[in-house]
Structure formats: C-alpha cells, structure tokens
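One structure is given here, and the rest of the page talks about it.
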C-alpha cells in the first residue's frame, strides 16, 4: 500500500473511532437521548469552528499551537504501526512496537507544551500533572506491550498478531490487557486519570483553549484513544484474526469494544489523586508489569 | 540494499535539521524551548539512523530522548531564573572558552571521522534487533549486568542527594549542625 | 522505506494540517482582542504575576528514578526478541538485572519519593 | 447558504455552553438547570457562549463578573436569572421564572446570536494597553537581576524559601470568586510553589447578596415542621454530594444525584441508598477522598454540623429538641475526619433526614434562637458556621497539593451567602 493509501486509511479510522468515542462518552455522561448523542459530535464541532479566537496576554504562541498538532501527529503515527486488514496489507514496520512506544511517550511533550503555552496557572499545573503521570506509568506501559513480543520473537505488530493464531494473548498473558488499559487511559489522560484536564483545574490544560484550538485538541485526544485501543486489540485480542468476517472488520469491531470499555470507565470511576497515582504507578503497576514479563516469558519457553 | 537518492536526500535533510535545532537550543530565551529543540535534534539523529537501515536503534533513541528531554525541561524550568525568557537574556556565556572548546572538539571529531578505519562488517542477514539481543546475552553479558548495578547506584545516589524527606524524617534536620547549647540539647 | 516511510508521511501530514489550521485561526482571530479579553482565567480576578515561574515539582526524585528505568527499557527490547531462542539463560539474566533495579524502586518508596505535599 | 451559515445552522440546535455566576439563593436552582438537556454548564468562560448570572450579587461583584464576561470566548450573550435590577453588568434579558423558562431563554438567545439575529456583546472593560517593557543591560537582562522589571505588563513570580531549602519561585495567585472548583463567591490568594499551596489567604470578598431568608433562618424564630426541615436538609446534602461527584469527575453520578435531589419525598430513602452504593462502586474513597482534608486537632469544630460529626463527636442541636427525641433521633457519626468521612456523614444524614421526614407527621421543632442547619448550628444574632469554616481555611489548606486543596474546600460545604471578609480592594 502506498504512503498516501495509508494516510487515507489512518484518517478514516481515527475520525470514525473518534466519532464513536465522543458519542459513547456523551451517552455515559448521564443526560440526553441516543438521538442527540449521535448528532452531538457534528453540532459541537460546528459550534467550535464558529467560536471566535481567544488568547492570553503573553502566550508561548508556537508551543500552544504545536500542542494539538503534535498530539494528532503522534496518534496518527502510532496507528500506522498496526496492521488493519491482514499480514501483507501495509504497516509492517520491523520495530513497530518501538515506534508505537516512542510516539506514546512523546504524548507527554504535547500535553506539557499545551499546558505551558498559555502562561496561565491552571493549564500549567495540568501540564505538570501529566508529567507526573507519564513518568509513573511509562515503564509499565512499555513493559506490557513489550511482553507480547516475547512469544512472537519480533517487534513487528504484524508478527505479534500472527503469533496469536492459536490463542489470543489476552488469555496467555492475563495481566497484560488490564495493565495496558489502565496505563493507556493514563497516557490518553482519560477516564479516572484525566488529571491534566480535571474539573478541579477548571479544565486544566484546556482551561484557556476555545474554538478551533479546543476542537483540534479534543479530536486529537479522541484519536489518541482510538490508536491506543487499536494497538490494544492487535497485541492482546488477536487483531485482524477471526472467523467468517474479513480481517479489517474484526480489527474495527475489537477496537470499538476496547474504546467503549474505556469510555464507560471514564465516566463511572472517580478521578485519582495525583500522588496516589504516582504511588500506584510505581508500587503497584510496575511490579505487576514485571511479573507479567517474567511469567509470560516462562510460559513462552 | 543500495541507498537511493531519496536516502541521500533524507539523511542530509535530517542531518541539517539536527545541526540547526542543536544551534537553536542556544538561541532561545525559554528553557522549555531549549530543552525541546535539543529533543528535536536527537529525533533528527534518530531519523538519520532509521534512514540508514538501523531502524531499531533510531527508534529507541527517539523513545529514550522523549522521556529524558521532558525531565530536562522540568529541571531547567525548576532551576533557571526567568525560565520562560520573559526578560530577554542570553544562553551563551564565556565566549572565548566556548569557541575554543567548540572548534577544538569539531577538529578532533572530524579527524577521527576521516582517519579512523571503521569496521566494514554489515549486520548479518536477518534482523539487527536479534543480533543486538544475542550480543547482550552473549559476549556483553557482564557489561549489561554491570549497567544494572550502575543504574542502581544512580537511583540510590539521586534519591539520597535529592530527596527532602526520608524514613528518618526531614533531611535538613539531619544535616544541620548540632546546637552549641549542649546542656539542654535544644536545636534552634 | 516501506512502513516507516509511511509513518513519516502520516506524521508530517497530521502535524502540518493541524498546525497550519490553528496558526491561520489564531493569527487572524487574535488581532482584535482587547487587553481584558486576554487576561488568563483564574476565576475573575486579574493575576498579579506571570504564571511561568520556577515551578517547584515535588516529584523530582521520581523523575530521576524514571531515567534509570528508561535505560532499562532500552535493554528490554532486544532481549524480548531473542528470549525464546536463548531460553532460560535470558530469563535468569534479565531477572537478575530487574531485581537489581527493583531494589532502587523499593528504596525510593521507602524514602517516600512518591509522595509530596 | 455559505459555510458560516451552514455551521451556525448545525450548531444552534446543539448544546449551549453556559458559564454560571451563582448568586444568593440560586445554588439549588443551578443544580436543576444542569439536568436540562441541551444546556451544558462549563468550568471555564473560554468554553462558554452564554453567561448566566443567577441570583443576587452585590455591587462589588461588577469587576469580577466583567472580567469573566470579557474572558468568554463567545459569541457572547448574558442572561440574568432572578437577579435584581440594576444588574451588575449589562444583560440581554432578565428571567424571573423557573428552570424551564431560563433554559428556553438561553436556547433562544444562543440560537439568535449564532444565526445573527442578535449581535454578540462587546467586551465591557476598557482596552488599556499593557506597558511594553524591555530589559536593560548588555543582553537586555532585566533591570534588577534576571527576574526584575515588569515584562509584558506583569512582574515575575516572587522568590521565597521552599520547604526543600531551595530558593525557588513562589507564585501568589488569586483564584475565585467564580472558579467552579470553589464555592461561588469564595476567592483565595494562594501562594503556590509548584502545585502545592505554601500560604493561603482568604481574599476580601462580599460579592453575594443573601437570598430571601431560608427555612432554617426562619426556624430560628418560629417552630417549624420537622418534615420541612428534614426534607430541606436531605436536599441540601444530596446537592452537595452532586457537587463533590462533579469535581471528582463522576459526572454520571452527579447528574443522578441532582435528579434524586429534585424528586425526593418523605420516607423514601431507597434512591439515596442506591446512589451511595453506586458511589462506593465508583471508588470515590480510594481514588480521591481518603486521608484528604483531615483537620488538625487544635481547631475547635463544635457546632460545625457534619464536619464535627464526621470526627466521631455526636454534636447535634437536634438532640435537645423534644420533638426530635420523640422520633427516636440519635445523631449518626463517622470517624476519621477526612473528606471521605464527611462524604459518608452527609450521605448518612440525608438518608436519616428522609426517614425522619417520613415519620414526623406535623410535629414542629426549634424556634428558640438555635437551629441545627445542614452546615451546622445557627444561632440568632451570631454569624453562620460558614464564617468559621472560611476562617479555618487559611490554616488547613497549607501544604496541600492543588487537587487536595479543592477537595478539602468542597468537603467543608461552605456557603458564601452570609460570609463577608474585609472590604474588597477597589
């Protein structure tokens, strides 16, 4: 597949996934019917595109603009590492797992500069919270993703999917998917870990953002959630493998399952304190992820 | 495989990008920008490695540097006065010394680069990552394990020096000189 | 180049598209804003100082710990690929390595590096 | 139809982002507004298009409300709801009706401003240019060291010794009075070092004009039916729970609590008990509230209602009322004294209040100058408990991380209606 083809494919996938996520999130938030929820993303986007621009007194103009753009680019590049339809259809990057891991760690940079940009105290605290979060879960996140490479003997996501032809890794590595979902929610600052955008900071990193800036940021974050779900299903739920249906359809179905699961958790679990989170990341998630690595390794021998 | 014109173009472009962003590190007033220009420089070097068919090394460099440079940004903002460069300032000091050091190290590195005989051993057919892993578990095992001990020393050292409070209470209490007033034992 | 070339194209396309859209939006829209419209929001009172300051992070010890573990991740990637081939040797070697690092994590925990305030 | 018109057509039937400035007597009403479909109450004016001024404000509020008005991204429209003329800032429309009426008005104005029938409001405050300032010195350094001067119109943060004995910056920032994490009207000048409050000072505020005397105020002078008192208490506590859940990010349960608060009836404790079970499942205790906001022992909490009862002390004026004793009233208490204890305490009191209301019949209580209100003991001629709660903030918040600071303030349930601190700066 050409680079242009992959670009179109990723754009379609991320936009569609983002739409589903916004609708699901709106349904979970407690008010409103299904009909309004289905129209919500379009109406909301229309309003944000109409909203006049705002700024602050002395922002770091470039950093503030680069935040959403970088977040979007990282979400997109992470999605490229995942094969959608089958083993041969593009996306076979030898070190795809490393590419994905690097992109997800740089998310911290995007959020940090977006919080720093407006020169306002509430967004700035939000950015620093993101730093505390990613530095705490970055290692367990990388570890559980890496563990799936052990039985596959390759860092290519396509090979990891192929290695699941007899049994999905969600069963072989029972600790993997739960840890992955928790850390992925933190990296997408979603759900109980939306500390950088918390209500206790009046929106945190987005407290000063309006109009197109808010729209691109929200879209990029939703796309990031899609990318994380996409990788989650590829390395734990067997990706495009499945009976009857074509491969790409299996990918989409499994991605949506994880996406809706994350959306549900986001609105039903209370936001974690940042200090509790740092403790949780290092003292609970990191040892569990290491157990996952060694037990899975032992089983793979 | 033989490098095509695209590879030459990309390597040159990323190389120039790395140098320019490295130069920009010292041309900005903002600590945040300085740290992230350095990251851009490292990412460009990583991209060069990727173009040169060392995909894993290039990506792992980018992965490492993304985390490290944010920590660097955080620490630079923490310690530098006027971290956002709201007051104009210069990042360059001691011009004469730094010019001499810069030119000197450029000459030495260029000399090494031109004169040294680099081994002409292409990676054996197959995956470079696999070769790296075998090296790690074979000949370089001692190096690898010593790295573990070194990292442990780094962790304990960093925490012992930097942490404000530990299980024995406030670090500053312990580091204070004992009171002269021996009879009451009061520390003021 | 294959997949990785596509990754570069997608990265740059997304970066430029979103970046330029926002740049145009900001440059054209911000011109006419008055000074009070630009005041950062903190509940209705004008700030006395610039928000940018030497932000005193309390988790600096944890950040240093991350640096060490990030190094460890570099070794883990090639290790994972050859794990099955090398077998028990790989398991034991990495277990040793990780246990050494875990000592550091436990030390940090005991020294209360994961709490602040 | 142009692109702009097409977008406006799509947007005007969508959610209206409303920033609410809550004045005297309208806290409960705003809770009901949140339940209206198509109205989305936002936390930052940068996200809002409609500014709703609900309830009465004093003239001192003009400055801060104007600031919020100008910070709105727009297209701006201002609506007053139950806000007496003349309003603190110019408004498009004044509504005095119920929730449905104000929601309809907001929707109509949003519709009109997007389609161009109503011109968006212009900024209120004068456009005075900040002083452009460039540093002096060989490289343009600041005049007095690198941190001197007032670049772009403001000075840089202060230097202050940190607790870690590093001399780093201290950033004094005044947050509130319309910051949604704090009770409406409360403004704090917080000296932040990183995300930790190094010093806290309650900013002089007298912004909220008390609404008409509530049930508990009237009960000071005349015996009042226990049924009414306990229903009001239950509603107050459930709405407070909704606020807590909202700040903790569990919007789904916050909406549910608001819905329950609007339809409780005497004796029906079931919905509230189910809500509390759902809250337990949301892990609110483990995630957010446990060990947060423990008040120091030397603070006298007597008469502070649920706050003191959450420390295990059965301090309740209702025990001394014969009518309550006849109903077999015994105060519930919780131990721990942290934010979770206060949450469980209020939840248990809401259940107990509904139970009492169901059994009370027509009996009356109080009327002798002392009333146990939801926020503590009110005495005729004495300041409300809220005044004491505000005065302890300056000590209890020191050393809190930002999120804990907001949680602690929220857990104390401060109503700024009857509080006035100093005189606001001109």
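Going in written order, the chains are labelled A, B, C and D, and every chain counts its residues from 1.
Definition applied: a residue touches a chain if its C-beta (ideal position, glycine included) is under 8 Å from a C-beta of that chain, and two chains touch if they have at least 3 such contacts.
Bear in mind that the values here come from a model prediction, so they are computed numbers and not experimental data.
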Report which of C-D and B-D is connected by more C-beta pairs in contact.
C-D
Just the number, please: Cα centre separation of chain A and chain D in whole Å.
33
What is the distance in Å between the mean C-alpha positions of chain B and chain D?
46
Inter-centroid spacing, chain C versus chain B (mean Cα positions, whole Å):
15
Of all the residues in chain C, which ones touch at least 2 other chains?
4, 35, 37, 39, 41-43, 47, 50-57, 63, 65-66, 70, 72-73, 77, 80-83, 85, 90, 105, 108, 116-117
Check each residue of chain A and list the ones that touch at least two other chains.
52, 54, 57-58, 93, 95, 98-99, 116, 119, 121, 128, 131, 135, 138, 154-155, 202, 207-208, 211, 275
Quick check on chain D: which residues sit in contact with 2+ other chains?
44, 46, 71, 130, 151-152, 154, 156, 164, 168, 171, 173, 175, 179, 194-195, 401, 404
Pick one for the touching-chains graph, please: line, ring, star, complete, other.
complete
Complex interface listing, chain B residues touching chain D:
78, 81-82, 86-90, 164, 172
Under the definition above, what is the set of chain A residues touching chain B in their complex?
58, 60, 63, 93-95, 98-99, 101-102, 105-106, 108-109, 112-113, 116, 119, 128, 131, 134-135, 138, 154-155
Which residues of chain B touch chain C in their complex?
6, 47, 50-51, 55-56, 60, 63-64, 67-68, 71, 74-75, 77-81, 83-84, 86, 127, 129-130, 132-134, 136-137, 141, 144-145, 147-149, 151-152, 154-156, 158-160, 162-163, 165-167
Mind listing the chain A positions that touch chain D in their complex?
28-33, 36, 39-40, 42-44, 46-47, 49-52, 54, 57-58, 121, 125, 128-129, 192, 194-195, 198-203, 206-211, 214, 267-276
Give the list of chain C residues in touch with chain D in this complex.
34-37, 39, 41-58, 116-117
